[in-house]
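Each structure below appears as structure tokens.
The following pair of complexes shares a single chain, subunit A, combined with subunit B in the former and subunit C in the latter.
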Partner chain A sequence: MSQCVECGAVLSVPICCDHCGAIFDPQPGTDHFSLLGFSRAYALDEERLAQNFRRLTAKVHPDRHAQRSEEVQARATRLTADLNRAYAVLSDGVRRADYLLELTGGPTAAEERGVPGDLLAEVMEVREALEQARGVGDRRTIERLRQVNESKRRQTLDEIAALASGIETASVRQRRRLRLLLNALRYFENLTTELV
Partner chain B sequence: MAYSNKVIDHYQNPRNVGSLDQNDPQVGTGIVGAPECGDVMKLQIRVDDQGRVTDAKFKTFGCGSAIASSSLATEWVKGRTLEEAEQLKNTEIVKELALPPVKIHCSVLAEDAVRAAIADVRRKQEARTSAGAGAR
Partner chain C sequence: MKRDGDIIVGVDLGTTNSLVAFADAAGPRLIAGEGGEDDVIVPSFVRFEADGRTIVGKGARDHAVEHPLETVYSIKRLMGRGTADLAEEVRRLPYRVEKLSGAEGRDVAAVAAGGRMWTPPQVSALILAELKRRAEAHFGCDVTKAVITVPAHFDDAQRQATRDAGVIAGLEVVRIVNEPTAAALAYGLDRSASATIAVYDFGGGTFDISLLRVEGGVFEVLAVDGDTHLGGDDLDRTLIDLFSREIREQSGHDIDSPVIRQQLRSLAEAVKVRLSEEDRTSVEIAVGGAFTYRRQVTKAELEALIAPFVDRTLEACRRALKAAKRSASEVAEVVLVGGSTRVPLVRRAVGELFGRRPYTALNPEHVVALGAAVQASILAGRRQDLLLLDVTPLSLGIETLGGAVGKLIGANTRVPCKAVETFTTFQDGQTAVKINVLQGERELAADCRSLGMFELRGIPPMPAGIPKVEVTFLIDANGILNVSAREVRSGAEASIQIVPSHGLTREEVRRMQHEAIEHAREDMSAHHLIDVRATVEFDLNKAERMIREHGVLLAPADRASLSEAAAALRALARESSDARLINEHREAFNRRLIPLAEKALTAALKT
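And then the complex of A and B:
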């Protein structure tokens, strides 16, 4: 752990000093996890995440540094934005898994755009069946499609969580599988909003 | 964000919406998707014995730009040979529809769908040729 350049106290997070209240720009390469006082892992205590976020946001809040130099005020604004971004990613399990995959070497969403198996053809079939069912007002078919989609969406979420939890030791194949599942989720979620 | 008039025209009056028989040996089917938005696009071509695209159909579930891009793509490939159809570039779609930068991926999707449909019908043709050769 590094020390506060202003008072010498040991820093528990890289952006502010609990002892004197000074705030610092994070070192280049500081990830969302360490910004919020966590180690890099999928499993995390969401309660503690929310607490850390609130505590740190209060400490770096621009109002609290309004009497300081312009440089410090600008830093306070930057850090507030950094914290908001980090919290938005880490507090959402899917975004956290996605971020962790990118952070540990990918494949990124840009590198791998595929989905598992024949998913696109299946999604197209569901879309066509939905279109037809809507045309004739077939509520039962729509409900059945909704249930199937919901169960696939849940299965995908479970597998994403399992793979992300083991990311440290995951094989290239497992990492790719995680990306394919993250890609697949978007199609299931779009269907969820359609199947009502 | 405002859609261009051409996008609105293709969106309101999409050309060639529908399906061809996926199992027809002269029909190539391309199904592609954009994971960033969850759009799915199916584009099908029918190819005659001279390798010319005689018909094209599409079904797109997505935004107006994705629908317009695939509608335009079906218009463009009709009457072309597979080699000519393969030359279709997403940048031509972007230009014709005046797509903004955030919608460029819709045109890429349409190009991908055309390529996938061409690859599919070629695969069928090759399978037929080798099956024919094997029978002789």
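And then the complex of A and C:
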């Protein structure tokens, strides 16, 4: 653990001093997890995440430093923006999995744009069935399609969580599978908005 | 005047009314004017006199009908807007709105009044200056810092314009705060229980809905929605349109004139207020010629007219609930803010949507200023137990190839927030790149609002596609965008030249600030002239009474010359505009009066 350059107290988090209230830009390479006091892992205590976020925000927020120099105020704004970003990513399971995958070497969304093999064909089938059902006003079929889509979306989320939880030891094939599933979510979500 | 850096006032710069407040250890309080404790509202009206004087507040509002072309109101609706945005609006305003000249490549609306052009920030600055004056009179020292509120849905240009208004008025705007958030702060000040609350803020010109989570002194905005062009003005307008249509039909004349417009506006507002209490009311207006328009208006009629506007607010509420991932039943309290929430239909509709009676214990017209004062005390470091965490109301993006929008930051993202984007060049040796920055939820650049063209300069000359210019878009706690850029390979800071689409340049704001100081000085001398003339009149009346009653004590010649001197002073006070000269002559005249005063006193003692 490093020390506060202002008062010498030992720092429990890298961006602010509990003792004197000084705030610091994080070391280069500080990731969202360490910024919020977590180790790099998919499973995390969401309650503790929210608590840490609020506690740190209360320390670094620009409103707390409005009487300090412009330099400190700008730093407070930057740090709070970093915290907001980190919290938005980590508090959302999918974004957390995506971030973790990128952080540990990818593939990133730009490197791998594909989706699981049979997905596109399935989506086309659902769309055709939906059009037919709409044509004859078949509400029951639309509702069934919606339920199937929802259960597939949930399955995908579960598999994303399982793969992300084992990211440290995942094989190249598993990492690619995780990216394909993350890419697939968009299709399920689009269908969710169509299937009403 | 002494300075006190600790004083940060909270200002509600409203469409219809403006207020200033301050929070000390005892809590937030409104600062009153000379009219006593209840004189807390400064109507957001400014009259521009031909002699260059400006009259702000009640004096301008109460005589708006007599001075329709010179009286500017609802200036907030013009802030950060161009004439193209306001075409519809401008037709209905009695005063003149034109495109600011000399603003090349921009469309900035400005008001033509009192023989010159006034940009909306300059008009707003006059209102702010009046509030500043009140605060200075209250504290007996300079007040140079303020927290100013804006509708949550204000975009970057509107927020910038508000900050510019502060600068022009000689105020450092320590923070721009969203009105509903400020209201929530005033509401939740002494509440510790954790709850989700809604703030329904329906003002004179804007509508906002904010959903917040309040817990342990932290006020966390979950989502905002609203409409910066929907307010009490629109409700009044339904009546104005109805009355003018009927007057036209019944009188057979097109009676549109600035005077009639202003009369109808006052009348419509009065009818709306009366129908909040009563079921029916009658209106009467002498239109000119022999024709007088008379009519009964019922509450049901008014409600049918305004229902579409109320529905629009409810739609925004539903969108906000969806964005906050909350159901209406999860909202523990609905706080009403803004004068338009006094309308019974509004209260009923909001109550139905949320399934509970709205909270109305706070004065909806005071609560925003009080909350702004609390936020000011947080910023002054006096309230460490409270914290506001707000969001940006609109998505931020950049125009990409083919006129599409590349989204950088989504609506309802917590602020401050930032996004980093890398740009490159398309031609060998290219040293500048232009970026069109947009705000809005639509997918095409043309359907979003352009904040302006950001031109990155100083890129080291390299073959096309080689430079990597990393641009950081940072929305600060004011909801205002800050852009910085760096060329990654060379490490060179690229400079950014910003041409705001609907705003003022820094140089313009600076110039206007100097002008405002000049103007205040002239205004003060104008006020001074009025004061001196009043004093002359007072002294002359006193002197003439003395000459009448005790003139016999003087030799007839002395008496005549004294009367002549009085007449001369009166003529000078009327004709000269040199306050100092008039005052010198007044003092000289009073010295000449001393012998008579002494004789009168002696005579009085003898009897």
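As a working rule, the second predicted complex is superposed on the first by the 196 of 196 C-alpha atoms of A that agree within 3 Å, B and C clash if a C-alpha of one lies under 4 Å from a C-alpha of the other, contacts with A are read in each partner's own complex, and residues count from 1 in each chain.
The rule we apply is simple: contacts are C-beta pairs under 8 Å (C-beta built on N, C-alpha and C of every residue); 3 or more make two chains touch, one makes a residue touch a chain.
These figures come from a predicted structure and were not determined experimentally.
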Quiz item: Once the shared chain is lined up, is A:Arg146 touching subunit B (first), subunit C (second), both, or neither of them?
Solution: neither
Quiz item: Is A:Leu120 in contact with subunit B, with subunit C, with both, or with neither (first, second, both, neither)?
Solution: first
Exercise. Would you sort A:Arg177 into first (subunit B), second (subunit C), both or neither based on which partner it touches?
Key: neither
Self-check item: Touched partner set for A:Tyr187, first subunit B, second subunit C, both or neither
Solution: first
Practice problem: Could you say whether A:Ala58 touches subunit B, subunit C, both of them, or neither, answering first, second, both or neither? | Solution: second
Quiz item: For subunit A, which residues belong to both interfaces, subunit B and subunit C?
Solution: none
Practice problem: Please name which positions on subunit B make contact with subunit A in the complex. | Solution: 31-40, 42, 59, 61
Quiz item: Which residues of subunit A touch subunit B in the complex?
Solution: 109, 113, 115, 120-121, 123-124, 127-128, 182-184, 186-187, 189-190
Exercise. Please give the residue numbers of subunit A that touch subunit C in the complex, ascending.
Key: 54, 57-58, 61-64, 66-67, 77-78, 80-81, 84-85, 87-88
Quiz item: In the complex formed with subunit A, which residues of subunit C make contact?
Solution: 174-175, 218, 375, 378-381, 384, 387-389, 413-418, 474, 476-477
